[in-house]
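Input: one structure, supplied below.
The first chain written gets the first letter, and so on, giving A, B, C and D; residue counts start at 1 in each chain.
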Amino acid sequence: MPIDVSPRSASTDAAAKASVGRLDYEVADLSLAEAGRHQIRLAENEMPGLMALREEFGPTQPLQGARIAGSLHMTVQTAVLIETLVALGAQVRWASCNIFSTQDEAAAAVVVGPNGTVEAPAGVPVFAWKGETLEEYWRLADRIFDWTAEGADGPNLILDDGGDATLLVHKGVEFENSGAVPDPSAGSGTGDTASAEYRVVLDTLRASLARDPQRFTRIAKDLIGVTEETTTGVHRLYELSAKGELLFPAINVNDSVTKSKFDNIYGIRHSLPDGINRATDVLIGGKVAFVAGYGDVGKGAAEALRGQGARVIVGEIDPICALQAAMDGYQVARLDDVIGEVDIVITGTGNTRVVTVEHLLGLKHLAIVGNVGHFDDEIDMAGLEALPGVEKVEIKPQVHEWRLPNGRSVLVLSEGRLLNLGNATGHPSFVMSASFANQVLAQIELFTRRAQYPTGVYTLPKTLDEKVARLHLSALGAQLTELTPEQAAYLGVPVEGPYKLDHYRY
Amino acid sequence: MPIDVSPRSASTDAAAKASVGRLDYEVADLSLAEAGRHQIRLAENEMPGLMALREEFGPTQPLQGARIAGSLHMTVQTAVLIETLVALGAQVRWASCNIFSTQDEAAAAVVVGPNGTVEAPAGVPVFAWKGETLEEYWRLADRIFDWTAEGADGPNLILDDGGDATLLVHKGVEFENSGAVPDPSAGSGTGDTASAEYRVVLDTLRASLARDPQRFTRIAKDLIGVTEETTTGVHRLYELSAKGELLFPAINVNDSVTKSKFDNIYGIRHSLPDGINRATDVLIGGKVAFVAGYGDVGKGAAEALRGQGARVIVGEIDPICALQAAMDGYQVARLDDVIGEVDIVITGTGNTRVVTVEHLLGLKHLAIVGNVGHFDDEIDMAGLEALPGVEKVEIKPQVHEWRLPNGRSVLVLSEGRLLNLGNATGHPSFVMSASFANQVLAQIELFTRRAQYPTGVYTLPKTLDEKVARLHLSALGAQLTELTPEQAAYLGVPVEGPYKLDHYRY
Amino acid sequence: MPIDVSPRSASTDAAAKASVGRLDYEVADLSLAEAGRHQIRLAENEMPGLMALREEFGPTQPLQGARIAGSLHMTVQTAVLIETLVALGAQVRWASCNIFSTQDEAAAAVVVGPNGTVEAPAGVPVFAWKGETLEEYWRLADRIFDWTAEGADGPNLILDDGGDATLLVHKGVEFENSGAVPDPSAGSGTGDTASAEYRVVLDTLRASLARDPQRFTRIAKDLIGVTEETTTGVHRLYELSAKGELLFPAINVNDSVTKSKFDNIYGIRHSLPDGINRATDVLIGGKVAFVAGYGDVGKGAAEALRGQGARVIVGEIDPICALQAAMDGYQVARLDDVIGEVDIVITGTGNTRVVTVEHLLGLKHLAIVGNVGHFDDEIDMAGLEALPGVEKVEIKPQVHEWRLPNGRSVLVLSEGRLLNLGNATGHPSFVMSASFANQVLAQIELFTRRAQYPTGVYTLPKTLDEKVARLHLSALGAQLTELTPEQAAYLGVPVEGPYKLDHYRY
Amino acid sequence: MPIDVSPRSASTDAAAKASVGRLDYEVADLSLAEAGRHQIRLAENEMPGLMALREEFGPTQPLQGARIAGSLHMTVQTAVLIETLVALGAQVRWASCNIFSTQDEAAAAVVVGPNGTVEAPAGVPVFAWKGETLEEYWRLADRIFDWTAEGADGPNLILDDGGDATLLVHKGVEFENSGAVPDPSAGSGTGDTASAEYRVVLDTLRASLARDPQRFTRIAKDLIGVTEETTTGVHRLYELSAKGELLFPAINVNDSVTKSKFDNIYGIRHSLPDGINRATDVLIGGKVAFVAGYGDVGKGAAEALRGQGARVIVGEIDPICALQAAMDGYQVARLDDVIGEVDIVITGTGNTRVVTVEHLLGLKHLAIVGNVGHFDDEIDMAGLEALPGVEKVEIKPQVHEWRLPNGRSVLVLSEGRLLNLGNATGHPSFVMSASFANQVLAQIELFTRRAQYPTGVYTLPKTLDEKVARLHLSALGAQLTELTPEQAAYLGVPVEGPYKLDHYRY
């Protein structure tokens, strides 16, 4: 069974690495795996949702027979997710959904398995390392669909984050149907980054077709469905569904309350100040912070900064969210109008060019600029790079001083990408436990009740959302009150829930 | 034109009062009206949503031709609502939806009209006073359907709060169809309070049928629709709709974000401590407060109490809300487990018997118990009254010390009914401005685009919800950011909104 | 034994009233006393410090032989203080220290005594009613020095608030020494308010000299000392001491931590929003509030307003306090620079003309202006009254709309005097329990250890300050940790305290 | 001019290193210095107090002639302090006051000087590196008294942190007076750590006496005084003064409001969550945190944890602080009573064995335990190490899992030493700017107004404390209000301050 994990893979010959069998696994990697195992053990303590699911479903093995192709950041938390899926009976193959996000020690530990040896019962094949090239990334993504080692044709479930695994299947089927992968050089020829990556996707699929012209067609037919983690992935799924091109059912995990509200608000509340602190060591207290966007991310960001003694000003385009910000006691202003008094600018909008070059030029000397929203274009980094006379000085990794032609500087964190990931360690385990418990329940739901889910996009039933919350309460010492039958009848809800209408906003 | 307003109406012969013409209006009442006019003027300053609608729609008079029968607490804020409807062209007749909630000076001022005289252009007929009997209440409710003075058969729109006006029409049509009003004494004979009130409804309708056996049938046919303010009323409408018995379209104003989130969270945050303070003058700081329920009401209550320095413990049955409370830093516990350390118990659940007699017996001496939820049975007042040996001592109106057989006492506010209404003055004007701007927009929507609304229950389109928010921003000095066309295209939303999907939770 | 209590005293012939004996006390007053007794009983539950002192010192009667002349707002809380002094063995005579602050029912209840009858053991002579004239005020102040009914020449202790009782003795001695009371008309003839009141003081003392030319000289010789409640009174004492004119020792109760920090911060945090709410019913959430001064009063005010969702801007002259405000996340600005965006202005500075007429003219229409600082000149009310074209409209008692010549209005609370007293009910009982426990301990300290206190001004030893705190913990369910002997030795403090150096700032 | 700086010094022959001259400075160190210079430049932006003092006093050079021996953590912030002293005219020699706290790049940058070369004008001799032995530490401390390279006998000012430099002079004089350094082996022979260090002190002084038997006697005579940074050092000074053994005047910088309140509250509020996050990546939100001590450190800690959504329980021995905690809304409890529900334990007491082995055994599995108080014995680390069956596993540097015999583990941060230093980077620059501005002003005060300071311990005059605050306001955009002459007269304070009495508590 070939594996791909090693931090050195990236810097040595990764292609050769891909053919290394697990039994050849080096001592150095075992010690890496051991370090990862430590962290997994600590993380398990912070992921009560997943551990409770192991306890509840371990005996009945509801995922017995499930073959899961996973594409999601290969972190310590994901290691706990993977091992939970295995504990429930599933076979799993895994890749990361981002070229930088893999924690190598976590990958190594999952490959080696909980027993700490490569002997049986061994771990799970992981195809990921920190710092992949785009070519490596898509080649590794392809590997999670190759189940010959497990004696199968392909997976019957996808667990996706951002939709790349789902994309590969859909594009694969499309090209297998048309009999050929299009020539990217014949395309629009724009030559931008997206096209560059798309060319790699096409190369990857061209190689697949060459090997087996019906491979993804067979895989798609076998697939019971996909569970999708993020806004972006969900967006793609709804688009496919709307165009009638969706090939199998999908569960939108992203919009569970215990996912979207929890990781956006509480995850950001934790990881935003963490990222700013690790990047700059600048006192947040007393400073003026501008938070662009007062959705869930912005709400968490504003609360965190206020909790550290900053004065927070909120920017919003949506009058409802703006009114919420005002009622929560924040000044609501346009960045243009307050730019000269701001010490820290944080974007969390999902929008583009929220912070323009003009804004950057208007800031105080050494103001801090960072993004916890979605893509790296919330801050106009391209515009900044193109600014004549600008100079970029690395203070330390992921922290750059941009010396502006006006004599002032700004500190940009993580090159405008997610600073809570780039300068800190992203969402903490407890938050991911809620997200991932939704994932596990969604996988179980699709696998065991597949007949209920014709092709389409679904959110998890509220009862499962409530279940995820329930699994995290006792770890916090929270005691739930139970309805009496009389009270349940009065409210017209079952004693055991669900308790709210679907449109309830929490 | 007969009017019904006067605080003395209740204590004198209300039936005779009903035939008093406006020109006979007494001097005392004019000074009452003058006091109300002062308050209305102050309230207008706090109701920027309604005032902006007057400015925007005053010139085009979109409600010209509308005949609105309103049933909603006849307060100062409602006076501003009524006068806004009139300013937009409507004719209006009004009753209160609660026997206690009328502010007589507000009613008087509306009757007299903004000019301060009873000469033309005079005010609006209001049929309401503080402290109506049930018989008076339903007779007055009937009066808002009597439009002979205005030269019409009946209203063409209802603006309802709790659904009593809507009920009267539906029951009226039902009995007119069957040709007779049933005899309540032939009924189940349970003799409880609800039945007592229902008997009054039947009497009211029996008198109507005697006068005109097709009256409500004609009225229902003329009705373009109803806009409903509250959870309870909305619940009734969905039930009618589900049974196919709904007679005209209905707009659910309650579930606009700018209504439900705003008055529940921010209204309660304001009026809960206000009510406790006026009732007891007890220092909230340092005290242990138990908040039952962490929905919007509970969230506002907990924030208010923490903001005054109390230590707040939250009780919840819903694990998602419970987890939110924990993540917000509150202890989550069962009332049973902490009863002995609690100084203040506040219910905001919409549930029944959340605070039982056993709880009351377990509290500290002179603990404060109050309700800001829905009905007065959140606290088991009936059980308390029935407790052998209990003694009720009035400390002041709406504040009672209940001396318990165990030698301790509890202070119960507003007899277990809404303490923010009973001990304070309810939601402040600014909050009601948001609710009522939704009402006005819903009335305009139904009246001007009636073809879009076949019989059924609708929520307001998000664009109007956003509009209501927008109207309240500048009064708070909040400056909205505007999307560039490039950004709008990137997000796939119009520059002017709406900005969010319908299921967005805020 | 003559008494002076009755709300009707003020409106009838007060001089005659002064000769009414207790046994003639009218039925109406007994019912007033009964109402007061109810409130006293509720207040006792909120004054654990005083109740604990009754329990601790009741058996040993440390104040046996003490004759206390008290001059302090005659409220329900003061009633609990008076009855605590009596419970510890003291004889007491009482006047108010403010012409408006007496709660008549509290006064009545104290006169009648806890048994609810005027039979022995009866209550305490109280010389106070709500709404005294200045002449009445000083005549009543004189009465607390007249102990013939108790068979004594005068008091041996003063409990003072603001220093009026102390002033009377010092001025009395001064004039008795010089043999005559000066003629005020021969004075500077400025004719201002202060002089008007001083003229009354001189009249009062002239009458005293006429009756008994050595009265205050004898009283001063008998006096063991005074305990003083407030900043103003303490200031006078330090001045007297510095000039060598202080006649007896004084304990500065005001500067106990459990007094100054507690009533200023926590008392204001409670009573400021309470006052604004009762006065205006305006939503505080979302509004821009300017708090002038960030001492203890300002800290409590800012926290309260932020806790209600306001955006708070702080004005400060002291850079240390200003930096504290900034570090606590507040904008720090000059009122001049932000006047046009402010909805609520609150002063808490102890300074004069902090809000000028120019400020009032610059505010938004119907902005709210109030004071929780010290005197009524923090807002330039005199300047406002003198403004040509201004119009004052009473909205309700203690709430006035001032219509300005620029067409806008401002709402001024309590005529610029303390709004938390004028529009609400002042500091709650729990806060006063801490203040008054300091008073009781100070009285015991002076009376039982008088030899330790030569003439001079003292603060209470830290051990008593800590004791006051200790007495309030269990009512809040707070559990104190106890030092081990090893830890105490390590820190170099006694196990039972005091724990901090005198200059520790808390 | 010999220098001692290099990270490699520690691992190579440090004694030899001491004789390396600056012109031999290696390239590697220059690049280290360059990295330090970057950080100094960023820190300068966050230290407005020091930069303002450079601007104000640079022209007049008030420290011309001052020879300052500094002993204080050799960090980036201290580099800004040193260069400020130099900018004001002083000559400086520097050592660290802690064997671990030196940031080598900061030391290197200071040695090299702001010009970035070792050519004149060159930098300041620094004798410090990260990870000194005790022998190295005291030898380096001795070097700051050796001013032969500057052509002087010794310093005329000490800037001290913890009192080690002051100790060396006092002990040196004592032994020079007695003619010999005592033999530690003849002592009590307890052999504990303190004695071990004291033995090194004696060895250091013995070598000094051997070289020059009157060296410290001459130095002490020349010394104008010392300015001391910390509680511990101040405590030693008051003891020396009380015993009449203090040799020169001392200014207690620690008790300036802008020092003690600012770095304890706002520094800890920043660095505590930073340390926990970097150490553990555990979500703080929703967790139960126990904060031992509610002095300034505990107040900052509790606020930070609550600001992250934790539920905070406070432990206190002082009833006044305990009551403050309760009034701030925290549960106040004994650790013993709540140990089983606590996720995070933080000590900030200055006391010993606040967290005992019994407590550690009672905690939840993998609870986090850390100290931000004073010494490392707030947590009984010695007891934990001695616990039979305990196992210590390093998770990463400064983070250890202690596996307890009961099967549970605890995570101990920084071995029980200050976690905000060990796991994060200590107080941020802005906070140190306030502390260090006090230091600079104290040095100027002693040097320029030495006649005003006979031998004794002084705090800085309030006017300088206010000045420090003033220097930090504009960087935060805070606008101070200025008293009018009329207002200043009313308050009886100068327009320019100071504004408060000395005992004012802030």
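Everything below uses one rule, namely that a residue touches a chain if its C-beta (ideal position, glycine included) is under 8 Å from a C-beta of that chain, and two chains touch if they have at least 3 such contacts.
Note that this is a predicted model, so its numbers are computed, not measured.
Enquirer: Compare the CA centroid of chain C with every other chain's and tell me the farthest one.
Expert: Computed centres place A farthest from chain C.
Enquirer: Could you see whether A-B or B-C has the larger number of C-beta contact pairs?
Expert: Taking the two pairs in turn, the one with more contacts turns out to be A-B.
Enquirer: Could you tell me the distance, in whole angstrom, between the mean C-alpha positions of chain B and chain D?
Expert: 60
Enquirer: Taking the mean of the C-alpha atoms as each chain's centre, how many Å separate chain A from chain B?
Expert: So the centroids are 44 Å from each other.
Enquirer: How far is the middle of chain B from the middle of chain C, if each middle is the mean of its Cα atoms, in Å?
Expert: For chain B versus chain C, the centre distance works out to 42 Å.
Enquirer: Give the residues of chain D that touch two or more other chains, as numbers and ranges in rising order.
Expert: If we look for residues of chain D contacting two or more partner chains, we find 266, 285-286, 306, 309, 323, 326-327, 331, 476-477.
Enquirer: Within their complex, state which residues of chain A touch chain D.
Expert: So the residues of chain A touching chain D come out as 38-39, 42, 45-46, 266, 269-270, 273-274, 277-278, 280-288, 303-304, 306-309, 341, 365-366, 393, 395, 401, 424-425, 428-431, 476-477.
Enquirer: Mind pulling up the chain D residues that touch chain C in the complex?
Expert: Residues of chain D touching chain C: 255, 257-258, 260-262, 265-266, 292, 315-327, 331-335, 337, 350-354, 465-467, 469-470, 472-473, 476-484, 486-487, 490-491, 497, 499-500, 502-503, 505-506.
Enquirer: Provide the residue numbers of chain D that touch chain B in the complex, in ascending order.
Expert: Spelled out, the residues of chain D in touch with chain B are 285-286, 306, 309-312, 323, 326-331.
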